[in-house]
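Each of the next two complexes has chain A plus one more chain, namely chain B in the first and chain C in the second.
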Partner chain A sequence: MMQDFLFKASNISKYYGQNVGCKNVSLDINSGEVLGIVGESGSGKSTLLNCIYGNLKVDEGDILLNDKSKTILNFTKIDEPKLRLIQRSDLAFVHQNPRDGLRMNISAGGNIGERLMAIGHRNYGEIREIASSWLEKVEIDVSRIDDKPSTFSGGMQQRLQIARNLVTKPRLIFMDEPTGGLDVSVQAKILDLLRNLVRELGIAAIIVTHDLAVVRLLADRIIVMQNGNVIEAGLCDQVLDDPQHKYSQLLVSSVLQV
Partner chain B sequence: MIQIKNLNKSFELYNQNNTNINVFKNINFKVDKGEVVALTGNSGTGKSTLLKLIYGSYVISKGDVLIADVNVRKSSPRDILKLRKNKLGYVSQFLRVVPRVPTIEVVIEPLLDIGCEKKIALKKGQEILEILKIPKNLWNLSPLTFSGGEQQRVNIARGFIHNYPYLLLDEPTASLDHNNKNIVLHLIEKAKLNGSAIIGIFHDEIARNKVATREVNLENL
Partner chain C sequence: MNDMSKDKNIDIQIYNFAYLDENTKRMIRRALLKALCIPGYQVPFSSREMPMPYGWGTGGIQVTSACLIPKDVLKVIDQGADDTTNAVSIRKFFQKTANVAVTEKTSDASLIQTRHRIPETKLKEQQILVYQVPIPEPLRFLEPRETETRKMHALSEYGLMFVKLYEDIAKHGHIETAYAYPVKTNGNYVTDPSPIPKFDNPKMNNNPAIQLFGAGREQRIYAIPPYTNVKSLDFEDYPFEAMKANFKCSICGSSDSYLDEIIVSDDGKRSYICSDTDYCKEQTQLNSKEEDQ
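After this line comes the complex of A and B, so read on.
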């Protein structure tokens, strides 16, 4: 049974000098699950996400990934090149700001194709075809395939970033406010795309957001953070419909309607 | 069987002067296979709350809810999700779906979630949409643009596409006209004959008398 989990972080703490980034946070996720991390800005959500992805060095705790060959890797123990390799193959990270996740000076098609080449694709025609189909999936006009993302709107850039990250079919995606900069109708399309990928490919996702409507539609379970601590965790609809902690109640009741 | 044992529910509202709301105390009843139990009682007696406690959307304050061999209060979120996917259906009054997803996809989702092949799921989806008289030209549109009655029927289609052995129905016929109401009552009847254990809230007395095998009045418990 122990081998069944996909990813597990235990007792993660990160301090910025005297300040707490996140403290003693544990979470785990299996294939095909979506875990939401909610809380107001400054609650430590993004810090936590960057810690467990391996972007930020943690001060305490263990981060375990059950990799493709069923070997359990501890991010705090493996060396840098090994970690980068895992981040490229098993994992993906969708940044809040698409400029952090895209190469702005290469074409849209190149942004997607680069990820394919990194995992061994060599046939140019095939790469271009896959890139086109992904542009379609995220509703970017295929005629823009040779344009640089710097000529795209913010929302298009975000969709391109998502395509770039999903094209290699990672097993676990980390997302930091992925739909934050998107208008509502495109946001819906992305949500639907994510749900289908989760179901059809068994991808798992950890999503940081302050948008409770997004987590309600996407997440199976959520954790609520405040001041770097997890104050409540559980079934998504249970935490949103019957929050037990004072702060969760405030958070849920502050939203117009979810 | 669904078994409700000494169930208590209260809400603690910390941000509203620490108000404590006691919804009900010591609810006890059982629902066997092939039974439709109608919850009755005035507004505010906790009928919907009770359904949400059984479904796991609300936290049980005291007591137990047993569904087959699952104790809802003691189950992990993953176990609850598994129970919902395979055994426990819930039809609410409100349709909550990802915008822009076509009706047919919304309806077949419960089948896809249990690993049903898409082709088979689509066929079943078309069947149930036909039974519920949702016009074919709407199947590929998002239900969010539909009328209240149509949205409710999409919700019902989702709830009845899979033969859940346990079903919770919150006002399934509330905004339906006479004919559509009868279609839905017929679906409930069929599930009952199939051996599902059903708990429902039916404000409409005629509907209730038609399908309910028993009533549980939350005011007299």
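After this line comes the complex of A and C, so read on.
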């Protein structure tokens, strides 16, 4: 059988004692594809994302990544050093709050350079050049390369976090509410940037959000979650235009129209 | 206290040899052996309360106490000098509790406890150098979580250490870190050399003496065995540079030893002298001999 998927999670379950984090969730994603995970808060979206990124240990299920050399790695079986190396090189994680994903007391250039230095870059000039080019890509003035993120606006911080994550050219990026907490015009700018970068670099992405507009704009496919279960999955437009499950219908109909 | 220190017999009855009890010494020796087996690895040990405040060398003094034998010759230095408060009080402490011979001459000593310097005179086999360490974790100010830094050491994830050097260059145009300059021990663990000036870093490499590090408050011991490779971290285009003030010692005239800057008058006149007092004395004697001939 051809192994053409990039990432596959099958029958993932995670329990917090008696409580269900997520139950029997399966998803797969091909390279260059964007998958949206939507649902209300407490529905297990973030738990699922942390599980499949490898941050949380799953109770059941397998997580498979087709790595650069076409070998299939199972996150639930590989040892921690290997997993952390994969997380640093093949994967990336964008947090909702840039403060969780950035080092606030280190300059913008240092933030972008960290992942490079972590995978063995030891030439200052080179690191700085790459950092500058990424600042340009995420539309931050290059003259601010030595400023600390604490002096940046919320939108700039989020863009810096994206640059810091994309600098090692990951193949799959996990995003947890990347536009949460930002005002609408800044949100639009970040979404625009993400859409361009994802398309340009052919990166696959899994985006967790409660904002249907975000998935409408970015995602190819979505899954809808409720109480830790996947209740509906399919092409983005299909699910949003013609929701089958009554919770999906409620979700779609509760979006405010301007 | 009617000067009990004059009567050595009383002291030896009051204190176990070198102050610590034998069980504690045994515990510290175990930690030391483990530390020597895994160069640069921070071994936790159950640090004791010592009769001095944290930050005054409680770690070093416990390591010294565990290593000391009656025939040892002890030298204690603080910032290179034998005659500063910290050095004098620790030397007296071991004279009183262990009754060992003391010396100021580096070459005569079998055990040297130091704060912030490595002696200029080359160390040799059979010598032990004990460092007092305030913060043993080189990643501490970059990553505050101990659980995380331990993992980073275990998995050799040292990208963050280079971020610090990157920040230095970005801010100052060169690597500004001048003391406690991080090193890689035996090609494996990144180690904090205690706050010695980076001028001393090259002396750690391939040193014939045993180098032991004790951090009392942080309860960690680590070690560099003799003839171990110790490399200071750097970038390809910003290589490591050992540096010192570009002057001569105004006492002995030496230009290759590490210098202290002293302000000698109210209008800010400066003078530079060797920080290693023993080395300075030696050089002065050599100079006067040459003059006599």
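Note that in this section the second predicted complex is superposed on the first by the 250 of 258 C-alpha atoms of A that agree within 3 Å, B and C clash if a C-alpha of one lies under 4 Å from a C-alpha of the other, contacts with A are read in each partner's own complex, and residues count from 1 in each chain.
What we mean here is this: contacts are C-beta pairs under 8 Å (C-beta built on N, C-alpha and C of every residue); 3 or more make two chains touch, one makes a residue touch a chain.
If you're wondering where the values come from, they're calculated on a predicted model, not measured in any experiment.
Participant: Mind working out whether A:K246 is in touch with chain B, chain C, both or neither, as first, second, both or neither?
Facilitator: first
Participant: For A:R199, decide between first (touching chain B), second (touching chain C), both and neither.
Facilitator: first
Participant: Between chain B (first) and chain C (second), which, if any, makes contact with A:Y124: first, second, both or neither?
Facilitator: Touch partner of A:Y124: chain C, not chain B.
Participant: Check whether A:R99 is in contact with chain B, with chain C, with both or with neither, and answer first, second, both or neither.
Facilitator: A:R99 sits against neither chain B nor chain C.
Participant: Applying the touch criterion given at the start, work out whether A:G110 contacts chain B, chain C, both or neither, answering first, second, both or neither.
Facilitator: second
Participant: Going by the contact rule at the top, pick out the chain C residues touching chain A in the complex.
Facilitator: Per the stated touch rule, the residues are 155, 157-160, 162-163, 166-167, 169-171, 235-238.
Participant: Spell out the part of chain B that touches chain A in their complex, as residue ranges.
Facilitator: Residues 11-15, 52, 56-59, 77-78, 80-81, 96-101, 112-113.
Participant: For chain A, which residues are in contact with chain B within the complex?
Facilitator: Touching chain B: residues 30, 184-185, 188-189, 191-192, 195, 199, 216-217, 220-221, 234-235, 237-238, 241-242, 244, 246, 249-250, 253 of chain A.
Participant: Would you tell me which residues of chain A are touching chain C in their complex?
Facilitator: That would be residues 80-81, 84, 103, 106-107, 109-110, 113-119, 122-125, 127-128, 145-146 of chain A.
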